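Structures incoming, each one as structure tokens.
Two complexes follow with subunit A in common, the first pairing it with subunit B and the second with subunit C.
The block that comes next holds the complex of A and B.
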């Protein structure tokens, strides 16, 4: 104890003390729940054994049960669809906007700032707004599609099993565009202007400059954004809760919402934990990609 | 077919209300090495970038190889530029950097590779073709930037202060290398620099600019021998020319230099009597003189010796700098006699600062 105090007063070891504070915080707030979740996925958990840690060990039974359930594969397929469509939409529209604002017309930075509005809004509020927009009878989206002649009847976005997942995808794309745009804008602004001038003198037109300079120079930014996008879409819960609640008949259910539903509405904590563990694996892979791509930055 | 590769007539450039280039007229002979030189903000880089098409000119005619290029985008002007920062593509190897312009034009891979190897051999980069720019030294990057320009065989080379990121020794070396390269390729080159020594040593034709105006252009030694005004006189030459206010005597054949203790010197060419003048004399044109033939007697302020030459600063107002290409046992506080050839004097009007005679 005296040595510990001494290490603070003489300055040596003080760095370790400083680092240990966030480490302890991370371990208790993130590490322990994570481990607890993994442990639960190998146990039999019911309402009566919730209060203890030492519960009957059941091996991989929770996993085999999970994959024998009829809804598992459709829900995993929904999750993949949701993640891929969301990331693709957010990234492509975000990149297009970033390039648009990069041309720096008068008021560009001011307008770019406005786009952050979607990002600061709580997911439940975004969900409520989109509930109105997507509404089958009087929604703005249906009105626009009908008036432009793309559809003839009404689409019941939230209650039609063919559209329910896409309703959430649309809202999630809208929610994520600004985040993608800001990060991509930052990436664009780090590319030295003289590279474009050199390429221009070397004879490259706008499209050639985009594919030979912009894209390769943005590689690490793009890697980071895609992996962050994967992490964020796998965490997206509010929109499901607000728009479809996974329905109808699981047609818009995804793993993260299902895990919550199993744990806290059906009180099947073991199954909920099992799904979470499967998701942790995917998020871990994305994290590794993220860390690697931010490390491999190309700088002249 | 004109002998001028680049012809600029009445070029003006405005940034909003700021008048960056004012009525620039400049003709560049095919195969010439032209240096644009001047202090920062004089418009030399703007002029170069306007040539390249990276800036649009507000008015005037810009003709390259007989074709008017005013609104033509940079990629269709067939000019190659070496940037101050080199602007190498960081995600490409040296070979890819060199062949970029060829690949953009759709030259086939084998041909591009052959050309890259050919150019690399002449610039000493053969062993570095597989490296990335970040793995190269400053001098090597500089060579890659030049090779990237050479490989295209463009109508003209544009250099934007290409040596300013190098250390002093390498700069002197690259100066010779660029000049040798120019002599070998006989390519028209326009070279922007703020360093008058670079301009004087490398160029056939020096253009001195200030505040968007061409103050004077001509062969380097003409600028040194007959500067048209005080600015050019002070800008060309190192250390800079000394200027002393003076007035001519009643007969117009002698000058009174206005130090605290005025001194009279004879003139070879008579000037108008009683005219207020500015006398310019270069530091290297002074000689030490004994009591008998001294034209000036001035107290010494500071003495610096480099071994080869001695720099003397006088304790007068205005102070004079004198460079002697020999060692001299002179100490601060001494009064020395000085002599110079009166034909080396430069006379300027005190008001307009323009050359007289």
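The block that comes next holds the complex of A and C.
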């Protein structure tokens, strides 16, 4: 008894008690909805059975119907394209900007702060602005491209199936650049300067220094950013709602928007939940990468 | 799950409080009404007037957002917190009535001296019916017709009093009016991949002898071919595929489109913004003498079947209906009734437009009614978009839609 008391006040029991608080919080706030969602994907759900939890069990039927739909594979392909292109764009431009501001010219930190404006803006506002920029007849982007002689006609960014997904990708890259830039700047500032000085004395040029010092030292930051980027792009919903609504003809539809469309526009909640479960799997993989990459982080 | 529970506890607390409240003053009957009307729209104002009559019935109002109407109503119904009266969008009405969520009003309507089915346009009336019984009362109605810029007609040597009558006529006129050098498209409409696309296309399919249950009828295929011609020949902007009716008609108001297909909700803005002479015509027909048809929009009133006070709730509905003659004058909405004359607004263009819309309403058809309407509508939207983007021929696209719809209809 005394040992138990001791363990609770100062020992393993105390640790467990401390850990259990956030665990309980996590379980009720994130775990339960997750489980509820997974359960729903194995049930027959309609609007009138939404309030109950015991609904007819249908096994894998929701999953088989999902994969027999003609739009499923194109939408999954769009999702993959959207995620890869967005992350690549955000990361490369963000990294370039971070390196640029790293040179610390006068006003660099001030300007870096201003970049955060795009990250602070709500997605629907960003969507509305890009909607206007990308519009086919009077859009700003078309005007710029035409005046600079790159195109002759109009590009209907939102309504041409060849461009619609890219329209959202462009807006999403713009939205995510600043976040990538800030995190990468933080990563850059943790690299000790003496490493560069030593390398310079040994005669390493800029490119060699970048690939042998900067990149390896940033490994954990980059891993974290890419997995966070994956999570954020898989969550990106507002831009789709504001710019293309998944159209035309699903050419810019992605899993997250489709799940919402099925659940709340067609009232097929089970099918919507099924797509969410498939997405959870991908986000889980990203989370594992994220946790693993931050675990190796070197704290100075 | 957690939020649901919290909401449930909250709702229970509110409910127990309100039962305490009502039992304290037992002689008053409280009726709750949910609708999407804002403070300048009918519901809250009619309720205020009704409460001032001191009939022993007090009405409480709650405004819900357009996108939340169905989900809120379902949640409320399945947790037993439903209001007494609700306003729902007409294609969604039957979703509730077919599941017994709405009260069958047929017998009460038969005895009512205020609500008479004969007074209503056939389209709106059909949308409140399920298996030959009445499950609600049309709240207001609207439809679509063809707006055209008379000044542009004159400039191109066309007779402004002879708007296009047939589909081919429409395409020809659009060709003549279209002027890319001046950024003017011949026509604008909406083929957006949501209910608006269905709303705009279905009248064309119906005029061509089709309908949602035979969407691949030859006339409907012809209609989609006409739409495709309009998009392919750039007689309308390609953004028609992603633009709402409101935004599309905006380009008409700013003089960037010579004709527009939309509804009476545009009138007030057009009177203010359009700096030219315009008119409204009935939707063009497949060929002269074809059967007319049009879309039908707006909301219906219904009483939830779980209400404690069906008689009092019906009295409230009767009061709403008795005020239908104020609908246009005070709130700019069209009552769904053919027996009411709408007084002049003092705006000649608006009055002329109203006459056309009222005539067009005679031919308005509800979407459905069918409990799985959103799925049917989705199949139609997909077909429109597949055809207009050139990924399928109109015939293939509508054949595929027909298969999907047949699967839903069973």
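What we mean here is this: the second predicted complex is superposed on the first by the 272 of 300 C-alpha atoms of A that agree within 3 Å, B and C clash if a C-alpha of one lies under 4 Å from a C-alpha of the other, contacts with A are read in each partner's own complex, and residues count from 1 in each chain.
The working rule: a contact is a pair of C-beta atoms (placed from the backbone, for glycine too) under 8 Å apart; a residue touches a chain by one contact, two chains touch by 3 or more.
This is a predicted model, so every value here is computed, not measured.
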item	value
Side-by-side fit of subunit B and subunit C on subunit A, or clash	fit
Superposed model, subunit A: greater residue contact from subunit B or subunit C	C
Which of subunit B and subunit C A:137 touches, first, second, both or neither	second
First, second, both or neither for A:195, with subunit B first and subunit C second	first
First, second, both or neither for A:67, with subunit B first and subunit C second	neither
First, second, both or neither for A:160, with subunit B first and subunit C second	second
Shortest CA-CA distance between subunit B and subunit C [superposed frame, angstrom]	46
Interface residues of subunit A shared between complexes with subunit B and subunit C	none
Residues of subunit A that touch subunit C when the two form their complex	28-29, 32-33, 35-36, 47-52, 71, 135-138, 154, 156, 158-161, 164, 244-251, 264-268
Interface residues, subunit A side, partner subunit B - complex	192, 194-195, 197-205, 208, 212-213, 216-217, 219, 298-300
Residues on subunit B engaged by subunit A in the complex (per definition of touch)	52-54, 73-77, 79-81, 83, 85, 87-91, 100-101, 104-105, 133-134, 148, 152
Touching residues on subunit C, where the partner in the complex is subunit A	1-2, 67, 70-71, 74-75, 77-79, 95, 99, 101, 183, 192-194, 237-242, 251, 256, 374-375, 378, 382, 385-386, 388-389, 391
